[in-house]
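Sharing a structure with you now.
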Amino acid sequence: MEKFRFLTSGESHGKCLTAIIEGLPANLEIDIDFINFELKRRQQGYGRGGRMQIETDTAEFTSGVRFGKTTGAPVTLVIYNKDYENWQKIMSVNPSDETYEKSFTKYRPGHADYAGSIKYNQKDLRNILERSSARKTAIETAVGAVAKLFLKTFGVECTSKILQIGRAKTIEEMHAEIDNAKQAGDTLGGKFEVVYKNLPVGLGSYVHWDRMLDGRIAQAVMSIPAVKSVSIGDNHAYKMYGSEFHDEIFIDNEKIYRKTNNAGGIEGGMTNGEDLVVKAVMKPIPTLRKPLKTVDARTLEQTEAHFERSDTCAVEACAVVAEARIACVLANEFLLKFGGDSMEDYKNLKL
Amino acid sequence: MEKFRFLTSGESHGKCLTAIIEGLPANLEIDIDFINFELKRRQQGYGRGGRMQIETDTAEFTSGVRFGKTTGAPVTLVIYNKDYENWQKIMSVNPSDETYEKSFTKYRPGHADYAGSIKYNQKDLRNILERSSARKTAIETAVGAVAKLFLKTFGVECTSKILQIGRAKTIEEMHAEIDNAKQAGDTLGGKFEVVYKNLPVGLGSYVHWDRMLDGRIAQAVMSIPAVKSVSIGDNHAYKMYGSEFHDEIFIDNEKIYRKTNNAGGIEGGMTNGEDLVVKAVMKPIPTLRKPLKTVDARTLEQTEAHFERSDTCAVEACAVVAEARIACVLANEFLLKFGGDSMEDYKNLKL
Amino acid sequence: MEKFRFLTSGESHGKCLTAIIEGLPANLEIDIDFINFELKRRQQGYGRGGRMQIETDTAEFTSGVRFGKTTGAPVTLVIYNKDYENWQKIMSVNPSDETYEKSFTKYRPGHADYAGSIKYNQKDLRNILERSSARKTAIETAVGAVAKLFLKTFGVECTSKILQIGRAKTIEEMHAEIDNAKQAGDTLGGKFEVVYKNLPVGLGSYVHWDRMLDGRIAQAVMSIPAVKSVSIGDNHAYKMYGSEFHDEIFIDNEKIYRKTNNAGGIEGGMTNGEDLVVKAVMKPIPTLRKPLKTVDARTLEQTEAHFERSDTCAVEACAVVAEARIACVLANEFLLKFGGDSMEDYKNLKL
Amino acid sequence: MEKFRFLTSGESHGKCLTAIIEGLPANLEIDIDFINFELKRRQQGYGRGGRMQIETDTAEFTSGVRFGKTTGAPVTLVIYNKDYENWQKIMSVNPSDETYEKSFTKYRPGHADYAGSIKYNQKDLRNILERSSARKTAIETAVGAVAKLFLKTFGVECTSKILQIGRAKTIEEMHAEIDNAKQAGDTLGGKFEVVYKNLPVGLGSYVHWDRMLDGRIAQAVMSIPAVKSVSIGDNHAYKMYGSEFHDEIFIDNEKIYRKTNNAGGIEGGMTNGEDLVVKAVMKPIPTLRKPLKTVDARTLEQTEAHFERSDTCAVEACAVVAEARIACVLANEFLLKFGGDSMEDYKNLKL
């Protein structure tokens, strides 16, 4: 039931990240600067570590776009890993490059290492961590940026903000929290909010569980590495009375409006014309300088988790990725609702 | 990417609810009493209204099961709406039964009425509410009960509990909260937790966003009517340090174990061998005796929402439905991971 | 990538056949007489056996339709098996009804019996044959009839004809062929053609293999029991020169036209505005009075296949089913191309 | 319902063709020489034109493979178009490179040009032909080669042969046919057969139409550009009696066998242990030196189709692509039936 469908691939230190998007209408103008701007937004934020300086991600289109517009054919996006030249041997496709000396064998708590190595029967945990790394969200951000370009043509707008980092709720406090954590070799998560404006009424549907828009958004956001909670609308739904929570409906001059938006823009699994408000919780980054106790998969002995260069806090990046992931869900809903093979098909659309 | 796939149908006051499940292995023993027991659990709980006395749901199998076992063919489940005889005219398929006098035109805030009537171009809101009603969770519970029977053969166990109703966190307080709300003509939501035990390591995957198990669970639970928030593991991820949050890994006698389970049993989008812990927030039921302000779709005048017989609080039911919905996700993951056309194919499986 | 999606279920001698269709727009008028007419067409044709007299199939809607129109909710269709009362014990869901005396153990060549019993680990071949039976095409015909009703609103029309039965190419010869086969206790297959007219240009797409309309039609038709070959357009493509085969393009008064239609209405996996012409070959029915050599699954001894009441030739029925299956594919393509939640959304559509 | 899923992209004269495969088990050995050998096979065959000399396709893995083995992560395959350097301006992503002088406006009969330009609202037909070109079958062949590597581990083997070219049925006649057509500036199609050996019993299923293996194969093969007909097993099903056609079942020393294979290895939509035999018809290549009548999309005047360097006959290539496409279908069926996250999971499998 996907019209905007895509696959992504690529390892954290491999040659490149790739995405193929299938289902975009033709004649969508591709603003490459916007896409690179989104990639840059993902790399910023207070609390990011050194790698963000190495990689200034930029996307290259290798198919589906000609003279600045989509053609209807599948669109391929590639982001090259700038650090790859130093990793060519370690990440080599070639069997003859195999070497055990650099293999990685200490499970990192909070990561995919343990379950992944059992599932895929891997002794070198690098074969797990290279793909489970949040690095892959770079290409997801690029795909989402394309989805945003599509949505923009309908006037849809998107913003996000950080609500809380650790126990801090204001920017100054947040920065102090992050500074403290960094000094302590520790990490922090937080809460953020994504808002989409100007969505038409009736994206998604109540008629079948897998068409509920809130469910689709929840999947998209929860599948971002480190996200542990997703909410639509007000977080206090559980402790409010029905008479307080529900957004009463008013009319003025034949125009329906609300005074509140506790529902976060979704009723019955559909957009209801109010702002779509999605909140999420990101857990603290599981790679920390302050070592966590763990087990060595090879020796089966108790040890401490290895530290690879990492960030102290990446909630801002996570919010950018969430924007992108939600953009993909919404683009798909537009395509399901309105059809369309080329952008001109929407010319007479009244939202 | 679904092996356990199903469609459900049916209206709140129509003849019946139906589900077709495609993808079950053959020779799964169908314990109809268990399925009906689950249906009964969904109908109970403190705060339920009158309809629960009318409908004692029972499921009938009309295909795919012979002599108590699945055959591999699609399984059809039917739950008849006992109240249907009183609604035959109103819910008639027949054009000649059409009547406008009973049509329903006041949007109920918090429901699908407004967005649904625009999306599907319906003047009689009954055409929206009949399907958007939570009544459909009865058949989803039955489908989930079949999924649970499958999971049980692998030793998987499930429990759920209510964590909070309004501001109350103990049973006595919860009941008092509900009593108060009922008296005031108001409604209440709450928080609940579902726990699955004995899952094998490695269900789900980090390799692609749509294979992340936490994302799939989030979709399944968020798509239950009135659920507004879904979390995996500890709710305080946002305010804990990495060194506090992450579940360190220990070994004893070559057996890996953890002392904590803040991750809720999922790392890297996969089960990690610990209990799967899912929490969710249900908003207060949007149908209340105490009327909410709204608009009449026909007259476009300000009015008050209509009250149909309803519940004061349905969080217990919601938890049962969440168990069921998660069971479907997990059953699908078992089938993807282990394959299998008949139950005998799992004979030598070591989990 | 399906908007018109459906699941079907039911056994040949079970209580009923069921289908749930999800994805239909609201306000589609349901002409139940047309659906029953299509069901009747499937049951007719020269060469059909006794069962066709027992079962005069009629469809009942148990959800998704109110006052003669779809509501946007999933549509459920049920066809009761009239013969069921005589089969209740044999087809019982109840474990206590299990009996081995009537179990069926002789593999019928040409049927699913052998592979199915191994796949699903069944000793009683009835558990295979009840679902593999062509009986299930009755509900597929009903689903296709709903799809046809949708297509009709766009002016799409459908016909089919029999091209050959055995070696006969005229009606009189065909009937004689069938009479001869019947007398000999033998069976016959044949060739037929389905034509769809008035399709808009551009259903399907060349951009990705799974969007090619010819591929989707080929799957739909080949998946009808007993169909062994599917062709689009002229059957002699393999022996014609490019200069003979390809349909040259002409223009008259700014209107594009062709003088030939060897392509069968599809170029580049898309409708090209000409009639869609699909041809298929049905193998002879594998249940024959004249016994085929086979093996008894229980004794592992050489024996002869059992004969259950059957038809001599069912090519006419097969053509009706092919019409229906193609209708489903086309309805899905319309929905993908034009979107739409209610029939009114197509009001301004110019095809 | 796909476990082996993939998207492909790329234009005929773009930078590269790309595929992402998601769902491969870990630890599958990737024999890059085999993949390149398959790519070479696709480029050969009597009747191919000049481009085949320019492009000697080789595949590069840019993700999902490390030290010669899959890791479970998505696998990316890239085939660079060697001719690209001469096409960079014409195929540029950059809006500033747009130029109308080289645009292509004459619909080529038999191609996607006409329907594609309407569907995607393109004035320069190059935007259609670049993706609709059979060039994309190169990357499909590479994907299929990976699928074949997987299948080989189970002992599955594949062959194909040409049955007829035009009216010729022996190699000498075929070559003469092709020579004649070439001299006349014409093109030829033909018939070919693909055979898969050593498949286990029970791939596919009769239980639901979209699980029928013959249907899935028919889609895969019919979606190859220029294929107009697909058959399973003997082509004369339509004119044989049931008693002649059906493959009787014999037993010898507790081993089931057949003396004939008219069914082509599929009964009831499942593999039955016999060789899988798929036949297909390819139409003559629609690009011919001898010009076809057509219309200019810009002037709307009658004209003649443009000739781009092309082949006289590509049936051998088409057979190689069909092998590949069927390999993908079969690999998916293995994964659905047997599950498996790493190759070691199949260690104890008895087929």
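Each chain carries a letter (A, B, C and D) given by its place in the written order, and its residues are counted from 1.
Quick note on the criterion: contacts are C-beta pairs under 8 Å (C-beta built on N, C-alpha and C of every residue); 3 or more make two chains touch, one makes a residue touch a chain.
Quick caveat, the model's predicted, so the values are computed rather than measured.
By the document's definition of touch, common neighbours of subunit C and subunit D comprise A, B. By count of C-beta pairs in contact, A-D exceeds the other of the chain pairs A-D and B-D.
Centre-to-centre, using mean CA coordinates, subunit A is 35 Å away from subunit D. In whole angstrom, the spacing between the mean C-alpha positions of subunit B and subunit D is 43.
Multi-chain contact residues of subunit A (touching two or more other chains) are listed as 5, 7-8, 22, 72-74, 116, 119, 128, 131, 202, 205, 207-208, 341. Taken in their complex, subunit A has these residues touching subunit D: 5-11, 14-20, 22, 25-27, 30, 32, 61-69, 71-76, 91-95, 97-98, 116, 119-122, 126-128, 130-131, 341-342, 344-345. Interface residues of subunit C, counted against subunit D in their complex, comprise 7-8, 107, 109-116, 118-119, 128, 131-132, 140, 164, 166-167, 181, 184, 186-191, 201-202, 205-210, 212, 214-225, 227-235, 237-243, 245-251, 254, 256, 263-264, 267-273, 281-286, 288, 290, 292-295, 300-302, 325. Taken together, the subunit B residues at the contact with subunit D in this complex read 1-3, 5, 22-23, 72-74, 202, 205, 207-208, 335-341, 348.
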